[in-house]
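Before we start, here is the structure in question, set down as structure tokens.
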Amino acid sequence: MAGEYCRLFLNDDKPHEACGVFGIYAPGQDVARITYYGLYALQHRGQESAGIAVSDGNRIICRKGMGLVGEVFTEDILEKLQGSIALGHVRYTTAGDSIIENAEPLNFYYRDGMIAIGHNGSLTNSAELRRELEDAGAVFQSTADSELIVSLIVRAGAKDLVSGILQAMEKIEGSYSLVMLTEKRMFGIRDPYGMRPLCVGRLQDGYVLASESCALDTVGAQFIRDIEPGEVVIIDEHGITSLRPHKPHRKALCAFEFVYFARPDSVIDGLSVQKARYALGRQLAKEYPLDGDMVIPVPDSGVSSALSYAAERGLPFSEGLMKNRYVGRTFIRPAQTIRELGVRLKLNPIKEIVSGKRVIMIDDSIVRGTTSGKIVQMIREAGAREVHLLVSSPPVTHSCYYGIDTSSRGELIAASHCLEEICQHIGADSLNYLSLPGLHAALAPCQPDELCDACFCGNYPI
Amino acid sequence: MAGEYCRLFLNDDKPHEACGVFGIYAPGQDVARITYYGLYALQHRGQESAGIAVSDGNRIICRKGMGLVGEVFTEDILEKLQGSIALGHVRYTTAGDSIIENAEPLNFYYRDGMIAIGHNGSLTNSAELRRELEDAGAVFQSTADSELIVSLIVRAGAKDLVSGILQAMEKIEGSYSLVMLTEKRMFGIRDPYGMRPLCVGRLQDGYVLASESCALDTVGAQFIRDIEPGEVVIIDEHGITSLRPHKPHRKALCAFEFVYFARPDSVIDGLSVQKARYALGRQLAKEYPLDGDMVIPVPDSGVSSALSYAAERGLPFSEGLMKNRYVGRTFIRPAQTIRELGVRLKLNPIKEIVSGKRVIMIDDSIVRGTTSGKIVQMIREAGAREVHLLVSSPPVTHSCYYGIDTSSRGELIAASHCLEEICQHIGADSLNYLSLPGLHAALAPCQPDELCDACFCGNYPI
Amino acid sequence: MAGEYCRLFLNDDKPHEACGVFGIYAPGQDVARITYYGLYALQHRGQESAGIAVSDGNRIICRKGMGLVGEVFTEDILEKLQGSIALGHVRYTTAGDSIIENAEPLNFYYRDGMIAIGHNGSLTNSAELRRELEDAGAVFQSTADSELIVSLIVRAGAKDLVSGILQAMEKIEGSYSLVMLTEKRMFGIRDPYGMRPLCVGRLQDGYVLASESCALDTVGAQFIRDIEPGEVVIIDEHGITSLRPHKPHRKALCAFEFVYFARPDSVIDGLSVQKARYALGRQLAKEYPLDGDMVIPVPDSGVSSALSYAAERGLPFSEGLMKNRYVGRTFIRPAQTIRELGVRLKLNPIKEIVSGKRVIMIDDSIVRGTTSGKIVQMIREAGAREVHLLVSSPPVTHSCYYGIDTSSRGELIAASHCLEEICQHIGADSLNYLSLPGLHAALAPCQPDELCDACFCGNYPI
Amino acid sequence: MAGEYCRLFLNDDKPHEACGVFGIYAPGQDVARITYYGLYALQHRGQESAGIAVSDGNRIICRKGMGLVGEVFTEDILEKLQGSIALGHVRYTTAGDSIIENAEPLNFYYRDGMIAIGHNGSLTNSAELRRELEDAGAVFQSTADSELIVSLIVRAGAKDLVSGILQAMEKIEGSYSLVMLTEKRMFGIRDPYGMRPLCVGRLQDGYVLASESCALDTVGAQFIRDIEPGEVVIIDEHGITSLRPHKPHRKALCAFEFVYFARPDSVIDGLSVQKARYALGRQLAKEYPLDGDMVIPVPDSGVSSALSYAAERGLPFSEGLMKNRYVGRTFIRPAQTIRELGVRLKLNPIKEIVSGKRVIMIDDSIVRGTTSGKIVQMIREAGAREVHLLVSSPPVTHSCYYGIDTSSRGELIAASHCLEEICQHIGADSLNYLSLPGLHAALAPCQPDELCDACFCGNYPI
């Protein structure tokens, strides 16, 4: 039941990223502590659990818990995580219970020692692989893909761990950006479609792997490059080694990383996320050059595209909705009178700004359509004359099978309703989405065929 | 020592507000739960402790703890707080230890029953009053002004509580916005200068008091009016009664409420905080019509004035600094390498945005000057050609004695350094502050003589 | 509701002691840490809250919390409690809620500095004194006697603290063993009847005060002597000073300290508790020389008298009931099937021992008679042929007003039922209590008129 | 470091039991709650972690944590554990870190569904089996035998789970009493030597499995019988089915269950633990009919044999050492002065009892000899004229490989020192151990060849 109230606040009608990963190989440095701060920078990618595994060269130990990085780790815990290689993970569970068994990293004993793993992504053939392994007698302690991947790597009958990794990569399908540790080595692996981001940087004499470049900035590491789709990077005392075992598929980086997930100060596969968002807003202005008294964003994710939309249109930009920065997870059941207020606990319209105005409101995406209507209604009650909603990404019409929690297809409002119906449902004076070609144009340095846009058009790369 | 790392993150070189108060008189409603959400909306006014006192008509009970509202209260605790009147408080300690003894509300037994109190402000003659009471044999369990105020009210030898309140108000000097409960009544009291805000609203058949109107919005209450300077409001079964015992002093609402403290969606004494901030940015543009390639804010508090500055100047506004939304309080000691990164744990420049640009950066205030230099340096390292810093309030040259933690005068950089020295210290290409007349002009519906601007000019109202 | 299940386990039908106090004056030693272990030794006197106050010569700080000493204090907290004088307290609340406001020590600011207090006992005229002080304008933050006592001391208008103490002692009535600290001094005070124990010991160059001598043993202090009834002991840099301001009343040490409260390894006012309990059992054997196959105790408190009874009677002693050592406080609601098991969660009869036997069972006291019946029934179900219950203290017929939770008179089974009725209620084959003259004889080195036996006979000393 | 202080208190120089298990099959009852109380009764078998797994017929969920049962489980957690079959486990880790990864039950997904397991015992061929499985590609997430056992069961290639269990039992060697759940069935398994106890009882329409019969009593279940060595019991909707796949080895129940581990109110393999302990004391009296003024036990485990020794010898029994009932786990570093007190924090001699006396002190066992010397010294310092130490079990000369933490052989004082040396080391006037034939005689209904006495003589059954 607590979960219900908790969701009241999370229920922001956005897709949810599954995970963030961070790795560091830096003998002589306080790797667990650096990982802690790296996870802080990746906290937006997952808030449900956090974990850090550390190798001291002989043994890997792991500590994890439910909650934010700052809630899970104390000085006392960090002081026990001494070593020279570390792996961190933050998770937002896409499915199932919010339980500690799903928290990562997972830490394994195998034939040649120990192996820890942190995973961002989702396998599409996990059920088959799982059955196959179980038929061979394997047992699992969770439903996590990571446990499956490690079993495949180890079980492959390969002569060494690297061969095992390469063989496993031939079997698994779907999206995966992995960081793995053994006692003496760190591995960074990105799936052949490059669906989820992963980059590598240098920190003094060591190396850092991270889901996003903002985490490199935070710990003071220099960005080197993105891990390439299908690439395996091995970092150890000999430095960094790269394997590209597979001939490349088409690349298919998740377009939602630019639309919503990634932090604006990250650069992914050569494209600045902030610049991408500005481009989305400008493209929106080209497609829908509306007139109005002001442009307001749905904070925080609609701000960038609203700014560039307003600039492109020459209209005033204003903050018409205030977001409570302290509303995080709460497990307190609202009083009856308050429950009806719903989204207002998190967002409050500023009457003095929107009253009497024709408002163009920009949001980055609509998934189920549950909150947009409430926001439009709030803006109206605050006195706006008109509310025109523009969405800086195309309608989400198809579920994601690659690790993003876009809800099942039945819940996707654009899967079963036309534009007019959605507009009416939301109660806006007008509603328009960015076109798919417009999305491609805005993310231009990325070729359309290098992005996964399956949730917008059903064109699944795998 | 933990405190030190904690401060690393709080150390944003801003003045710190001391407290937020919330009260509700609403028999039949779940007053503690509504207070919980009211405190959520006021969390920006104090993050160190939170507390709720509830009267069931016969007895007042109180629960409080260190940390955010969402950390202190659980369903289990809230369920025990049954009653028809409640009082909530969030505190940021201005001085001394971060200890539970300083948390409010305080709850007292006195001659005629019980009384609970929550206080926002700071008395200027507390030492004298304390000595006087102690000489008469009083004992105190904290150094809080609230304990002193209750002793004065009760001790006054007055025939009833209301008389006691009026007599106490003749003795105490300084800033105070108080909410008090007895078993059957709620009181809202604002000092004769109206230094700290306090307003009243209606919720169905009940009444709500709050430091800011945004808390009324959050719980679904209708704003009625601000409590007037020197006014005592009594709410009980007979409705709302108002006493204005003192002939008015000059009003002296703290100007920093508009500059930095209050939430933009609040309206204080008739002035929208958001509108005030936009006006500050426009005034800044009039005073310093700089040329540059872009205007960027120091997030979050510089955003509003940067937006209006850019609009007024016809320059592009851009987000050049990314703030980590999850960096709250942490007690983890940074690794040596990270410690040097300082403010970068919280703010990260977006290279792709500022590189090669002449940047006009807007901040709302500078107190000690400790972080501005680091931010300017970050922006430069990210490739900016020029960095011009504009501050949307005048230099802080005098300490505040009315409850704001502006640091002692020796720490105020503008108290002992001229503009050029500060600019050099910060390393900006130019530095300019809004003028004091400019501040007054921007906050225009408020008359200059209705605001306290002592920290800018030393013109202390008391 | 949790409280209900909690009580299920506490409900051992014993009177409950209110508190234990410990003080140490030992510059140069880790006084908080020594106090922690001192409280460990006194934990049997109170399990609801624990607290420690420490003075560093300039300032007193205090930390306390709900629960056992080992639950409340961590290394982190203890490390902050640096100083040269300390005061510790464990509390079992006799009345009212189990709330932190009732936890001690209490720490006050007064005219001349600070004062911390820990109290064991209960005033009989607190309501009058409270009213008097409140009429003079005093406010209180709890209903604790300690707050009242400090107000009286400080308010007395005396020229110094010691005079204040002596004047306050003329006003307060009831039982009190107090330890108080100022910044530079420690005080030990015992009420003129000496109702609750308090002794002093030496630890290297310092002094220790404690409710029981077992705490001196635990911290390695040498027992010096008991504080005398009505005595005030002052410990400071000049050593130990004693004041005996009042001409002595009759002494009236609580007889239940010997019967049940105190630890057997303590010596109180010259009498070894263990020896006293053996004497009670021997006296019981003289009064009721029963025949049976074995003597068994109700553990743990009945063990000593059962041993001596068996030895005196020449009968075999056996452990026929096993007590679960880990059943402490639990807040788990038992399943329906288990709830009916009641006391069995804590005590389990050993069938193999009692089956077919005529059992003489010894308990130290019966207060409400709620558990004795269940125990007798368990023993019977385990196969005992006969169960004869002997109680090593007289029937409790009167409530205690001096700080012991003997329940209200209406709940005392012996207040309203004759021996036969009680025996029938309990379902024993026979039931006998030690006579009051027998109690006096057993506690012999203590004169009958030096003990408080009011709960057995209504002869209240005050 | 915390661990060090923690051990100070645990360091009682006793062997430590590894685990307790409890299972219940009772559709319609609150099985998790009953398991909670069952674990309470088994808490003496393990205090480091506690866990409960529950099946609702479709799915098994598991919750566990570090600490006592009452610390790990709250109402909130228990309410989520709904189902009709449950398995509970308490653990005292014999080796390695005190970490959550070692806590049980473990919960697995396998080919045909889910399986949860709780284990008491220790395999002797786990390293070989582990290597074998790892060579076949298995990964493990802990070093627990349980993980290994489940892998063997599932991997065996058997046609169903029961066949898998029987095949696995042919491979594993060592001691094991297991409770396992699948979604619809409960299994109880005891190793072919019957080294660790396991019994079954009836609770209304359901069945209960437990390490000791005292847990059946606590939850109100009727004892049916002990599980036989090598027996597999299957409990499901068809009732209870028994398999005895192996021809019996010699039985080898751990003798220490009677000497020290088990609760006195349990009956194991037909022998009452309490009666066994009394017999040990009587046997000791036959072997060493010492003269002295009194017999005292080292509490709590020496009490039973001291009682029977004293009775047999016709000497007075007395409690000369007081044990602090509240000293559990503490993480507080003692002050220097206190650290030297060592065992006195837990045990305090009663001077008034032992002073001037020739004391015969009875303990149940000596492992490393670290605390016996301190206790003897305390008794002497308390004034005893002579201290004769009798131990109611033979010298521990060999390590246990079957799950008991008897320390490595190098630490066993009797492995490398003769009686005279040990006596001198301890400082007693005399020291004597029960003879091995004496042990056998005392545990008489058990045949010598049905007990494991390897730690006394090196005669390892496996």
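Residue numbering begins at 1 within each chain, and the chains themselves are lettered A, B, C and D in the order written.
Basically, a residue touches a chain if its C-beta (ideal position, glycine included) is under 8 Å from a C-beta of that chain, and two chains touch if they have at least 3 such contacts.
It should be emphasised that the depicted structure is a prediction, and the values quoted were computed from it without experimental measurement.
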item: Minimal step count in the chain contact network, chain A to chain C; value: 2
item: Centroid-based (C-alpha) most distant chain relative to chain A; value: C
item: Distance between the centres, which are taken as Cα means, of chain D and chain A, whole angstrom; value: 48
item: Chain B and chain D, separation of their C-alpha mean positions in angstrom; value: 59
item: Chain centre separation (chain C, chain D; CA means) in Å; value: 35
item: Residues of chain A whose C-beta touches two or more other chains; value: none
item: Every chain pair in contact, whichever chains are involved; value: A-B, A-D, B-C, C-D
item: Interfacial residue positions of chain C with respect to chain D in the complex; value: 2, 29-30, 33-34, 36-37, 40-41, 43-44, 47, 68-70, 73-75, 78, 203-204, 214, 217-220, 263-265, 267, 272, 274-275, 278, 300, 303-304, 307, 311, 316-319, 322, 324-338, 340-341, 344-345, 348-353
item: In the complex with chain B, residue positions of chain C that touch it; value: 61-62, 97, 99, 101, 106-111, 115, 131, 134-143, 150-151, 154-157
